[in-house]
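The structure appears right after this line, and notes come after that.
Each chain carries a letter (A, B, C, D and E) given by its place in the written order, and its residues are counted from 1.
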Amino acid sequence: MSRLPTFKGGIHLPEYKELTEREKIKKLPLPPRVVIPLNQNVGSPPRPVVEVGRPVKAGEVIAEPEGPVSSTLHASVSGVVTALDLFPYPAGPDSLAIEIETDQNDSSPELIPSISDPSRLSPDEIRRKVLEAGVVGLGGAGFPAQVKLDPPEGSRIEYAVINGVECEPFLTVDNRLMLEETGKLLAGLRIIMRATGAREGIIAIEANKMDAFYKVQAVVHKEKDIRVRLLKVKYPQGAEKQLIYSLFHREVPAGGLPSSVGCVVQNVGTAIAIAEAVLSGRPLIDRVVTVTGPEIKDPGNFRVRIGTPFQYLLEAAGGLPDGEIKIISGGPMMGIAQATLNAPVIKGTSGLLVMRPVSRERNLPCIRCGECLRVCPIGLIPSDLGTMADKERWDDFEGLGAENCIECGCCAYVCAAGRDLVQLIKLGKAALASRKVQK
Amino acid sequence: MKGKKERLFKVTPAPQLHGGESIPRVMWTVMLALLPAFLASLYFFGWKAFQIEAVSVITAIFTEAVIQKLRGRPVTITDGSAAVTGLLLAFTLPMDVPIWLPAVGAAFGIGVGKHAFGGLGHNIFNPALIGRTFVMHSWLPFMTTWSPPRLAMYAQVDAVTYATPLGAAREAVISLVPSPDGIFSTMDMFWGSIGGCIGETSALALLLGGVFLLIRGYVRWQTPAAFIGTVVLLTWVLPVKEGAIALAPYHHLLGGGLFLGAFFMATDMVTTPVTGAGMLVFGLGCGLITSIVRLYGGFPEGVCYSILVMNAFTPLIDKFTRPRIFGT
Amino acid sequence: MLKEFTKGIFKRNPVFILLLGLCPTLAVSISVENAIGMGVASTFVLVFSNVIVSLIRSLVPKKIRIPCFIVVIATFVTLVELFLEAYLPGLNKSLGLFVPLIVVNCIILGRAEAFASRNPVLLSLSDGLGMGVGFTGALVLLGAIREVLGANALFGFELVPGFRPAMIMILPPGAFLTIGLLLGLFALIRARREARGAE
Amino acid sequence: MTAIFAAIITISGLGLLFGLGLAVGSRVFAVHLDPRLEQIEELLPQLNCGACGYGGCADYARALLNGECEPNVCPIASPEARARIAELLGRLLEEEEKLEARIFCRGGYDAVRRYDYEGLPTCAAANQIEGGVIACDYGCLRYYTCREVCPFDAIRIDDRGNPVVIPEKCRACRLCVQHCPRGIIRIVPSHSRVDILCSSRAKGKTVVKVCSVGCIGCGKCVKECPVEAITLEDNLAVIDYEKCINCGKCIEVCPRGIIEKIEEKEKNRPVAGDNRGLSSVPVLPG
Amino acid sequence: MIGELFIIFIGVVLVNNFVLVRFLGLCPYIGVSRDLKSAAGMGVAVIFVMTMASAATWVIYHYLLASGPHNIWFRLFGDGIDPSAFNFSYLRTIAFILVIAALVQLVEMVITKSSPALYRALGIYLPLITTNCAVLGVTVLNVDSFFPGGEAVPGSFLKCLIQGFGAGVGFTLALILMASIRERLELADVPPALRGAPIAFMIGALMSMAFLGFTGLI
């Protein structure tokens, strides 16, 4: 086999995908209540347009976009709005959310008639539909999809890339979607190409998902302007900049966007959501979540409504094991450990992991083994960044290029001294940002 | 506050996975890599070599424990770093040193060379080499007297006139001149059946350990390759100084402490550059200084000094060999 | 006046506290003998330059005072040089370069500038004497440590028979090491005393 | 005789030559440097702690000279030194009262935790994930970064795990204030000796769930205060230091025991806690 | 000749490094080595001053102070007098220090004018070059090594120049290494008692130990 394309740096991780990669996507019954945080997208959070006590239907708009980079929120179930208050949030402190008590009718408003031929739509219309459907990046970051479909003035998009890499261990959402919703994926890619004017579509898949590769290949091979590319299994292959480098040997400039090297990248789930939004006018009110862990009874991939509490989701997978455990929202490398199971699934939630914590020595002095800078996909020196953040030497910290860090976690994974390098760098970046605000 | 106690989950910062690498694992792997050379030292120099090694390792560990206790820091002697320092120091001593000498060297190396700078990870210079240099220049006569290895077939040569291959060439002792027919055959040098410090004579044993570390990834190829390559090249092309006997590059390769230095000392993580390019520069510098000292300097061997001098250059090298940031 | 004398010995010791005059301190502290020789020579220059500077302090324009002081100091150093050459050639040889370099010993110029140029003659004299004694004391302390450890001797006489001295102590690294450890020790003592004083 | 003359001429000739050279040079390369800069620097503590907000003492001295700030910004410099600097700058120093830092949380070991934290042992880190390890959003995280950054060792840990400012050592440098991620350290006038040591602006119901001592905003102290110095702001009783007369009547009525008398001298504190075991590793007992 | 000059250069840079072996210029070595930028600035200034001073003092020593056929006084007044009567070498200390003082002041003026940032970084150490014993040291050393018995060796001017330049390079080398090491130690867990000057001396000790390897190189 010829050598598969990849990037510099990175690490090889145990995959743990076997737990769920063959589990078909299951639809979960409606939860008794949902909690829909307002803050689910990069940019400004949408403004709520419902008040407590008001009945809503599934798919009805409950918050409207605010500002140029924002998104729309919809009620994910039909029922009554019971609160607009602070609720646990999976990616940080308690956050403002709308709580809806489900009425189990699951009635939805009329969907806008479907459009069979998206090539008749203008790019502006596509973007409007995507915005109205509240589609944001489902890979985790939550970047509003319509913004990505609107390349900045002066840049010409050559490639529309579907990111089917899913390099985080454990997660199998994109894998299942590629297998089960191949047609929609392709439709989504067509729409993205149409909206951005890309001349070629690429579906990038890591070589550990051969089933998905063959399935997608079988569908795509007739298409002249769409290719499937197999990539080497390496973390973080799915990071946007690394993916673009692997595919085209182009480096997105530091601080720049993929569009500056002629690319637009969308996650598999996002592409499918775009297809649904544009073709059938269906808003983004549910998503697929991998619920897994070595000690979970029934791990699987579940299609759940946005706002479903983790508690409900975990019970569907067989409940929590006893003893000391760690709950992670997202993948094990970049995911966030949870304090409570009351936090809900949001648009960016790709997985829910239950792990046994392994205690180890942490934050010993750096022995300068240099492993972190060999695995850093960005070419930073994480050990020094960590030290500078720890000693609050912000000028040096910035001078070492801290702002380029993608927080992939490779450095902390390999650190022999067990230093929490990513945490240090995150804290440092936050301090840097607040220092800039002060100035 | 009242009622049933809620279940608390463990929360750790991302990433939630760890590769399992740890400081003890690194250090004890290096110890393992030193095992062949340790066995070789026992084989060629016998019981006395063991005594030296034991005293050195125990003193190193003891010194570290005492200092950490005094400073109120956690005592980390089980991580193996002090043991590695002690063993490496012992390897660089000749067999005939008095038994207190390795103890002084180890205490100085750990105390001044390592903990004065803040302990593991903070030291600038290789503590083992600091210890060696200290005893070398304190008690020069002990450090330049060589006994023939126990099993040498030419054991009739007495200790006083015995010398290392490099020393013999410098003093131009014709009877000891290394030559295929002379008493230092290339094979002897490769196996280790020659005069020298107890851990440095057996090129084979060191090579075994070195290759093991290379495979494990604790040693990068850049440093040993640049170091050894430069020495071989320079000793081949440069003329020797007046009165000395020219040695072939392979004598320089096998006859001194080059392998020990290149694989185990110049690759010490704490005191050498972190990037590949930096390691190349470091190795090059080591090779250059070693060759110059060996060919023109006042001492027959220069590996130790070359590494110490380059240790001082390490922060500077690190500063100028930073990797390129993606997208810049 | 006594205060001016004693402050140079302990509280404001030129070597250990003010970190002045380090070059000759490290260079000549190979043995106690050299240390005393250097100390006395420096003290001589220090005292006389202090006195002269104090005498002419009102005559010298402020702008060119430093060159003037240097000339005064250099004159006395030349005197010392000539004296040593004539009467103590052995010492002169072992002090070598550092005899003319007394000129640039920061202590001397420092005292001339900071003290003698602002104070009357007698005070300046006692200040110079104190600083000189402090300097000599530091030199002797360093020299004694290095000679004992590095040569197993004091004033050239062997001390403990059978003890093998660490030769490195009389080599350059020994000088750096001794002063480094001594300074560390003093810092430790100071910190301890401050901690006790606070309670 | 010739030799002596020659010597004299040599030296004086050289002197003359260099003197002339320098005289010319000083004209050509003249730069005006304010001599006060060095004098100010000498008066500053040279601790380079950064408490003034400038990059070290030298930077602060420059800022002073440029009139960017007042001489009382440096919290470390002695009043005499500040007066001297002000004098140098020809400025009047505003009369200012003595200040000290105060930590407004007494949650201690009993404060309810959100989760078991394992990671970087600093307050900022413990506050970063999931809203912080302590369930009360206004509660001390007890990783004691404030004590680590204090240049004067003016923060100790009491027997219930609360960091406490030692008033006589504190010089109100604000480093702890800047480093507290929960913002529960404030600078207060030293004449205030009675205070409500809680920062929680949450509703009483929430406070009861997460803390055994936190202010529930019951308002009893407000009623009791003879000089109307206490007001309720967002469920939190707050003392107006201008009005407070340190009578201590509020202490008795507080149902949560969160109002305390703060002794000016640490020695007068009733029972000084034993914080030996806590000195090096901040432990959160389970 | 080239070989000789090379040996002189190596000699002062490595074997008899001014700071690490000869203990000259220790004040700036400890004082200006806190960060790399000012160390480099100081180093360049010292190299410049040392080279200039070597040249200037050679001229003065050769033509004014040393006895011999070049002595100006001898040429002017020396008819029939023993040339040794015109030996003013005892004035070298005074004369040299004057030369250096003037030179340094000039350099200072130039730097103050051309680069205020550099001036700020070097702070009080620029005037201290005057009393930097390394500079006076190199000029005295020049006289000692290239005017044995008062008579100049062949090529003495060039040799003085190289020795002065090399001494500056050696000083700068030691200073820059020290500064880079201290920058790293800023972040290290150095015991409080050893912070600052003590640890700087310890580094000096260990560097000096490493440089012992160059003994006997020339």
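Things worth noting here:
As a working rule, contacts are C-beta pairs under 8 Å (C-beta built on N, C-alpha and C of every residue); 3 or more make two chains touch, one makes a residue touch a chain.
Please read these numbers as outputs of a predicted model, since none were measured by experiment.
Of all chains in the assembly, those touching subunit A and also subunit E are B, D.
Shared contact partners of subunit C and subunit D, listed by label: B, E.
Path length between subunit C and subunit E in the touching-chain graph (shortest route): 1. By number of C-beta pairs in contact, B-E leads over the other of B-D and B-E. Mean C-alpha position of subunit D lies 47 Å from that of subunit E. The distance from the centre of subunit A to the centre of subunit D, with each centre set as the mean of the Cα atoms, comes to 42 Å. Note: centroid distance subunit B to subunit C, computed from Cα atoms, is 41 Å. Residues of subunit B found to touch two or more other chains are 9-13, 112, 118-119, 121-122, 134, 137.
Looking at subunit A, one finds that residues 324, 336-340, 357, 365, 420, 423, 426 touch two or more other chains. For subunit E, residues touching at least two other chains, in rising order: 91, 94, 98, 101, 189, 191, 194, 199, 202, 205-206, 209, 212. By the touch rule above, subunit A contacts subunit E in their complex via residues 365, 387-388, 391, 393. Interface residues of subunit A, counted against subunit B in their complex, comprise 8, 11, 13-14, 169, 241, 245, 251-256, 324-328, 332-340, 353, 355, 357-358, 360-361, 364-371, 373, 376-381, 383, 400-401, 404, 407, 409, 412-418, 420, 422-423, 426.
For subunit E in complex with subunit D, the touching residues are 60, 64-65, 73, 77, 81, 85-86, 88, 91, 94-95, 98-99, 101-102, 105-106, 109-110, 112-113, 116.
Listed in rising order, the residues of subunit B touching subunit A in the complex are 9-19, 21-23, 25-26, 81, 118-122, 218, 269-270, 272, 274-275, 322-328. On the side of subunit C, the complex with subunit B involves touching residues 164-169, 171, 173, 177.
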